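For reference, chains read A, B, C and D in written order, and residue numbers begin at 1 within each chain.
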Amino acid sequence: MYSIGNQSLVFIALTLAFLGLILVYQASYQALKVLPDLTPVGPVFIGTMVRVFGPTVVALMLATRVGAGIAAETGSMTVTDQIEAMKVTNADPVEYLVVPRFIASIIMMIVLWVFGVLVAVAAGTLIGTLRFGIQLRTFLSLSGTTMSDVWVALFKCVIFGAAIPILAADSGFKATGGSEGVGWATTKAVVHSLFTVILLDFLISSIAYRFGW
Amino acid sequence: MSKPVETDSFLGNFGRTFITAFQTVGAMTLLQLRIFRSLLAIKNFDYDESVTQLFKIGVRSLPVVIATAAFVGALMVVASGNFVRATGATTLIGWAAGTAVFSEVGPILIGLMFSGRVGANNTAELGTMVVTNQIDALRVLGINPIGYLIVPRFMAMIVMLFFLTAIGDLFALTGGAITCRAVLGIDMRIYWQGILDSNLLSEFIMGLVKAIFFGGAIAIVSCHWGLQVTGGARGVGRAVNDSVVTSAIAIFMVNFFITVLWT
Amino acid sequence: MLQYAAQILDASLTLNDSLVLDQVFLQLESGRIHALVGAGGSGKTLLLRMLATLLQPSKGELHLFKKAINFRDLKSLRQVRSNIGVQFQNLALFDFLTVGQNVGFPLEQDSELTKDISIQVKTALDSVGLDGRQEHAISALSGGMQRRVAIARAAVAKPKLLLFDDPSGGLDPVTTSRIFELIRTIQEENDNTVVIASHDIDRLVKLCHIFHVVDHGKVIFSGTLSEARQSTDDRVKVFLDV
Amino acid sequence: MIEYVNVTKQFGPLTVLDGINLTIKDGEITYVIGSSGTGKSVLVKHAVGLLRPDAGRILIDNIDTTDFNERQWNQIRMRYALVFQHPTLFDSMSLVDNVALPIRKHQKVSKPAAKKSAMEYLERVGMTTKADLMPSDVGPGERKRVSIARALTLSPDCAILDEPTTGLDVVASKNIDEMISELSKSLGKTVIVVSHDLRSIFGVADRIVFLYKGKIRLDGSPSAFRASDDPVVRQFVSGEASGPMET
């Protein structure tokens, strides 16, 4: 759990900060074209960040950082027969390797979501107030965020956090044939988990929209 | 010889991260220079290898890019759906989805997907060649690995990501249109009209420019980590991991700077 | 009457649409050291994996310790596996564990053996000449030492059936001799059934009791060296160099 | 002729080569032997510039190559054939394309012409019937033969083979040994072999260099080797488990 969380912190901070910067920049810039008024930018930005971009982008990053890591690890264990060696000594590789990572991934996904949203909002506030001169108090408003946004986002976090280690470990265990096989498994884990996150995100968002959550 | 002090504090960790980051960036710049030098020596250009790479990269990533793009477009429409429902401004949906897809979300997500599919694969391939001594074998045969292996990949990735982004944009808008009808229950014509009315040519071109830079960045990052591999199967996996992570950071950073400079 | 520790009866195996083991009969007499020889890619490793219950024959049967193995019955499979020790061709040491943890790993999985793990690990490492290295990382050891750790891990739980896949591959003659000596000592102490797959004919001849020649996925000869000399099959003579 | 003058190489705290002085004469088959991990491969990689010495010089035909850059080395490397311990065929290409690659890159010939001449090289190692298979489809001994064929395409003066028979069965080993003799006796090439396969050492070598703990312990003919009364050498030759040798 420590390694999943700690190693991803700097990475998540960096990517989410740039995401926050760009979203506010684009939103303000586009808004200036149609509206004279930049007051909704902050609340809308925070709301979208919490509900849409927060879970999605954090999950995408977790998929590249953690998913690839798990696949690389289990993959190299598979091709060097370490998994087989476990089986002969009666240790269950899934129980031994996957279960701890599965639990850690779900918890860290939620933690990193909170952290990522905070970083992105901080970065967004910076550019909103300094570059576009929006009042700090107007910008940092939760009026665009509802409890249902939070619940939907939390639900997404749990689902994404669960899907990533399963997909990654699966491609790791299926690795064959030396170092090339490990490379393949890692690639497959990244692509599958990135795509699955986007697909699940779409499904959850659509259902949530339909039910008016 | 003194052993480096192992600090496990947060600050020490942070400092180490930064030092490695600078070393990595330095090494990548060197690689970039070597690529350009090889590009100038046009007589060494390997036509066969370039065609192979173009074909492999394009075919390999087209399905996944199309699928991603379609869902990304759909996702953007659903995301704007909440605000449209709140304000009732259905005409804005085409504009919102179009801008987002063309200028930011489209290039970024297609870039991420490309780095996962092509970049990671490239790192794995080169890394395997390193650990199995195939790179040394090239050198022993008097063939320059940069000219023979890296330059064709560099060019193929730039070209292919450019086209894939253009195609992806189209599919993203289509995905958005279908979702507009199916999930939001808004007539597709309103959506398409919204896109046409909002004159998004500049955003579209900016997205393609981004794709060129993303392609170059992914190529350099993935080749760098591939050539860096040490330590067998485990090393290859770790390199792929580093490669996708660095590519993601590079994509978000390059994206920010291009947007700011463009507008 | 002969006692067999393991029997592969009329087993065939198909991997990726190609027939890699073809109607194999292989019977391993208990308490003996068996050699498995044959060209590279002839199926030696696959046979060892099958004996280790890691590969299920597509056709035919595997009997271990006089019982037919049912690959679906996980409980009895666990029981059988606790009587098998394997040294894999690429060693398969757990690189995230220390030397001592690696050797102790099989003990921790078996509830009857969990007592005094550290003493058992120490004894096992002592016997391979690596006592005092319990806390070392696997990567800090040389190739020859890693090989000995793998052998210690395979033998630590005193399994009835011990399988060695290319125990001396890539090692120099002196280290090779030391490893073969080690296998002899382990076998003499515990009287287990040992199978060694190797190309090192000169040393196998000195150590093993029974020889099995594998060619293109078939076991074409099983018997002692003097029986091999009388064989009419040229391949047997070539591979055993008699 | 390759000369090592006081060559020292360290990897981290480990001194792998410790002041090596060695001259390899043209036209001879020289075997470099020693226990696992004593730097035999490291020694030969210095001769083609894949590794550079920390101290000392390397002279090739009396030219000091120590400070050569990669491009200058590429010129030198054309005269060498280096075959690695694990066959390094490019796994995305068929066997014949592997052999054709250096021909295509260096002789500026068309693809079919390169392929045709590649087939001639494959014939020398008896691999023409499998030319269109991929490296993963053939056995380790056959892969080794193809990588030797590929190394010969640049018509080198000197072939360096790193553990050519390790991991091969008796039959495949004998085939490789015959090829090594052939290279030297009928084609007049200098051959350097890294090995600890005692059978082939005494069958094929003109000269044996025994490396122990980073230094050359013995340098001489096979008969001088057999006659040596150095206990370490004797233990290595007999391959006995007990003795003074540290592994």
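Keep this in mind: contacts are C-beta pairs under 8 Å (C-beta built on N, C-alpha and C of every residue); 3 or more make two chains touch, one makes a residue touch a chain.
It should be emphasised that the depicted structure is a prediction, and the values quoted were computed from it without experimental measurement.
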Next item on the list: Give me the fewest steps it takes to get from chain B to chain D if each step has to go to a chain it touches.
Entry: 1
Margin query: Based on mean C-alpha positions, which chain is nearest the centroid of every protein C-alpha shown?
Written below: B
Note to self: Among all chains, whose Cα centre is located farthest from the one for chain B?
What the structure shows: C
Checklist line | Leading chain pair when contacts are tallied as C-beta pairs | finding: A-B
Next item on the list: Can you check how far apart chain A and chain C are, centre to centre, with Cα atoms defining each centre and the answer in Å?
Entry: 45
Item checked: Centroid distance [mean C-alpha coordinates] between chain B and chain A, Å -> 17
Check: Measuring from the mean C-alpha position of chain B to the mean C-alpha position of chain C, what distance in angstrom results?
Finding: 47
Next item on the list: Mind checking the centre-to-centre distance between chain C and chain D? Centres are C-alpha means, answer in whole Å.
Entry: 32
Margin query: Quick check on chain A: which residues sit in contact with 2+ other chains?
Written below: 80, 180
Check: Among the residues of chain B, which are close enough to touch at least two other chains?
Finding: 128, 132, 234
Notebook entry, point to check: What parts of chain D, by residue number, touch at least two of the other chains?
Noted result: 91
Check: If you go through all the chains, which pairs of them touch?
Finding: A-B, A-C, B-D, C-D
Note to self: Quick check: in the complex, which residue numbers of chain B touch chain A?
What the structure shows: 13-14, 17, 64, 67-68, 71-72, 74-75, 78-79, 81-83, 99, 103-104, 109, 112-113, 116-117, 120-121, 123-125, 127-128, 131-132, 179, 183-184, 232-238, 240-241, 244-245, 248-249, 252-253, 255-256, 259-260, 263
Checklist line | Contact set on chain D toward chain B in their complex | finding: 13, 48, 50, 70, 73-75, 77-78, 80, 82, 84-86, 88-91, 101-102, 105-106, 111, 147, 150-151, 154
Item checked: Parts of chain A lying in touch with chain B, wherever the complex brings them together -> 6, 10-11, 14-15, 18-19, 21-23, 25-26, 29-30, 44, 48, 51-52, 56, 60-61, 64-65, 68-69, 71-73, 75-76, 79-80, 178-187, 190-191, 194-195, 198-199, 201-202, 205-206, 209-210
Item checked: Contact footprint of chain C on chain A as seen in their complex -> 77, 80-82, 84-85, 87-91
Check: Which of the residues in chain C come into contact with chain D in the complex?
Finding: 37-41, 142-144, 166, 169-178, 180-181, 199, 201-203, 238-239, 241
